[in-house]
Amino acid sequence: MKDQLFKIALILSSLLIVFLMGGIIFSLVSGGIPAFVEYGINFIFSSEWNPNPDSEQYGALPFISGTLMTSFLALLFCIPLSFPIALFTGDYFKGTKIASFVGTMVDLLAGIPSIVYGLWGFYTLRPFIINMGLSQQGFGVFTSAIVLTIMIIPYATSLSSEFIKMVPNDLKEAAYALGATKLEVVQNVIFPSAGSGIFASFVLALGRALGETMAVTMLIGNVNIVPNSIFSSGNTMASVIANQFGEAEGIKLSSLIAIGLLLFVITAIVNALGRLIIKKLSV
Amino acid sequence: MTTIKYRLLKDRLFFYIICGISSLTLIPLGSIIWELIRKGIKQINFSFFMEVAPSTLDAMLAKTSGESIPGGIANGIIGTLIIVTMASIIAIPIGIFGGIQLAENSKSKLSSLVRFVTELLNGIPSIVLGMIAYAWIVKPVTTGYSALAGSVALAIMMLPLIVRTTEESIKMLPTSLKEAALALGASYSTTIIRVILPSAMSGLFTGILLAISRVMGETAPLLLTALGSSVISLDVSKPSSAIPLLIWEFYNDPYLIDMIWSSSLFLLMLILIFNLIAKRISKKWRIQ
Amino acid sequence: MNIENPVLEIKDLCVSYSEGKYAVKNVNAKVEKNSITAIMGPSGCGKSTLLRAINRMHDLYPEIKIEGRVTINDKNLYQINPMRVRKMAGMVFQRPNPFPSMSIYDNVIAGYILNGIKLKKKEKDEIVERCLKNVSLWDEVKDSLHKKGIFLSGGQQQRLCIARSIALEPEILLMDEPTSALDPIATGKIEDLLLELKKKFTIVIVTHNMSQAARISDNSMFMYLGDLVEYDNTKKMFTNPSDKRTEQYLTGQFG
């Protein structure tokens, strides 16, 4: 009898999780549909964002482009940084105390909250960028991307490191026995073997970057334009929601929810892609 | 040029690049922590924990008369405590039962679905979850911003982590443990509740601590749900403060801006402590 | 072979893992009270499967089908609640598995705890002391009863598991290769223990080590490819086996 109840409880909690997801999708779609009905597919391609009640018009292009630009730029910066660190902990110094130390430092980076990154970006990074003459105000896609890079390095690094560690020892030893240098082993054994896994970890890191809110909000400039260079200011999907959601009503609210839906879909696709690659690898 | 000398040179160079870049990670980390400590430590005193955040007016008056700004972040600390505790109360039971289902019925269709959904939930941006909690709780349930809505958003964030660590911790136990309990005549539910779960307890605990440390620092979802408050309130159907929300308020207020450092330092220390405790427990458990 | 005082009776027992594939075929046997009966045979012969059919461990796996009858004192085990069956037939496993979340004390009375049987402190103390003494573990652990059991050596852990099983006072003790994970000294201690325990319990022990069967068992079963090939008094079977296959096994012609 007790067993029956227990098994029911297990099934109920599982169903709850599934319905939770269903509910989230339902709420996003039903909340965002009015915006799509009103503006059609043009919603995604329009740059008009006018909350003035006389001439309300909403389009998501600035935010979509802002999100994509900052995230992809961050990914670009992240790759040449994560890969060496992953090699450091996963092969060169695998299993040693120093690798463990570096691993812990990287984990610490992952623990720092987004808002603290934003503050650091605002007070330390921004003056640096202004001093370098890269940008007048220091805001914009580039600055946000730098902070995003630092934020996603831990995710890319720890996962890549795991894949590098999984390269079988005998494969590497066979190469060494043929007289290869370590670099040659990296290029010819480790990279081909762990390559897809490393790629997947970058895809997942991208997924993380796409959803980032606070740090980017504080550094992007919050100007509703499609950025025309990496030093120009802009806005992202997550930031516009964070800034304008409170007090939003009617079609404006619906537009923001629609943006949330788009963000959800984009991150879900990117994450699913990353996990699909990993699943293919473990078969 | 493929002479051995050349190859060795390339190899050496690559090695230095690897070490160099790895030590680069210390730069932003060190910079952030250093800045926080440098600017924040002097404001952390007893009243920091005991008093609520000063209003703009108080701060302005203090500044113009050359005094230090009064107040602390007590409302934020209590708010975070309440919201995170409620989120845990929601997420932990569902997460553990979900994890048990995945571990015990690993191959079933329901389990595959739950696993897929859990991974999906894990990737949802926190701001989107804030919107959901707004739609589900702020509007219909509490008719206004509330700590409860904030907890719901954070609970959804904690859920995937707890489900995953529960599943892994249970799967790591030897099967003979379950068989030994059943061989003594125990029922299935007793076996899980009184033998399997207690044996997997350290793994479970680690997962919970990690989930807590992850959501403690979240700002975005709380902006849309708990909103913030200048008082300490135990009424969860009303807006509530939280440490990250206070930091955001201080940041946006020209008179309160100096307080961002101490509050950030405190938040970071909290998160660090939870993380370190979680790591220690996980290490001890793995040795077993 | 004539069994005067049968406590366990197995009749026409068949166990199949899938359609038409039998792991145990038509086993018929009666087990003598207060004896040690060894089940031996090469890997895959069905000895563990047979043992687990007695305390209905196969119930956990719905794809496994059982046919036939198993009775203890004429009670049909497959017609009563499996939880009751497992109190009548206790089991000790190959790898010592004391519950890591419980102290030594609690491990001994785990059977009572897990079945929700409430005992007074005096009763609990008495059971713990008696059972630990019965397995010759009392002196070694009496000062650390409230420590966790996993800090003991392999042999001590296994004796703790035996204590845990006998605490419920089962009719039968089923042992599934209980010493194969232990060193020779610990093995010897447990074999001596079993010889003592058979005065109070009936023991059925699966062993992959035929010399162990020769050392401690009264009767032996030899199984091969799911069939119970021979079942006889141990001395007789070892010196004068009736079946050619038994003889081949005992002389090491197949492992």
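Just so it is clear, A, B and C label the chains in written order, and each chain counts residues from 1 on its own.
Quick note on the criterion: a contact is a pair of C-beta atoms (placed from the backbone, for glycine too) under 8 Å apart; a residue touches a chain by one contact, two chains touch by 3 or more.
Not measured: the values here are computed from a predicted model.
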item	value
Graph distance between chain A and chain C, where chains that touch are linked	2
Chain pair that, of all pairs, has the most C-beta pairs in contact	A-B
Chain whose average C-alpha position is farthest from chain A's own	C
Where chain A and chain C are represented by their mean Cα positions, the distance between them in whole Å	56
Distance from the mean Cα position of chain B to that of chain A, given in whole angstrom	18
Gap in Å, rounded to a whole number, between the CA centres of chain C and chain B	49
Contacts with 2+ other chains: residues of chain B	187, 190
For the chain B and chain C complex, residues of the former touching the latter	174, 176-177, 179-187, 190-191, 194-195, 198-199, 201, 288
Complex interface listing, chain B residues touching chain A	7-8, 10-11, 14-15, 17-19, 21-22, 24-26, 28-29, 31-32, 35-36, 93-94, 97-98, 100-101, 104-105, 110-111, 113-114, 117-132, 134-136, 156, 159, 163, 187-190, 192-193, 213, 216-220, 223-224, 227, 244, 247-248, 251, 260, 264, 267-268, 271-272, 275
Residues of chain A that touch chain B when the two form their complex	2-3, 5-7, 9-18, 20-21, 23-24, 27-28, 31, 80-81, 84-85, 87-89, 92, 102, 105-109, 111-117, 119-120, 123-124, 150, 153, 181-184, 186, 207, 210-214, 218, 238, 241-242, 245-246, 256-257, 260, 263-264, 267-268, 271-272, 275
Complex contacts: residues of chain C adjacent to chain B	55, 57, 60, 83-87, 90-91, 93-95, 97, 99-102, 110-111, 113-116, 150, 161, 164-165, 168
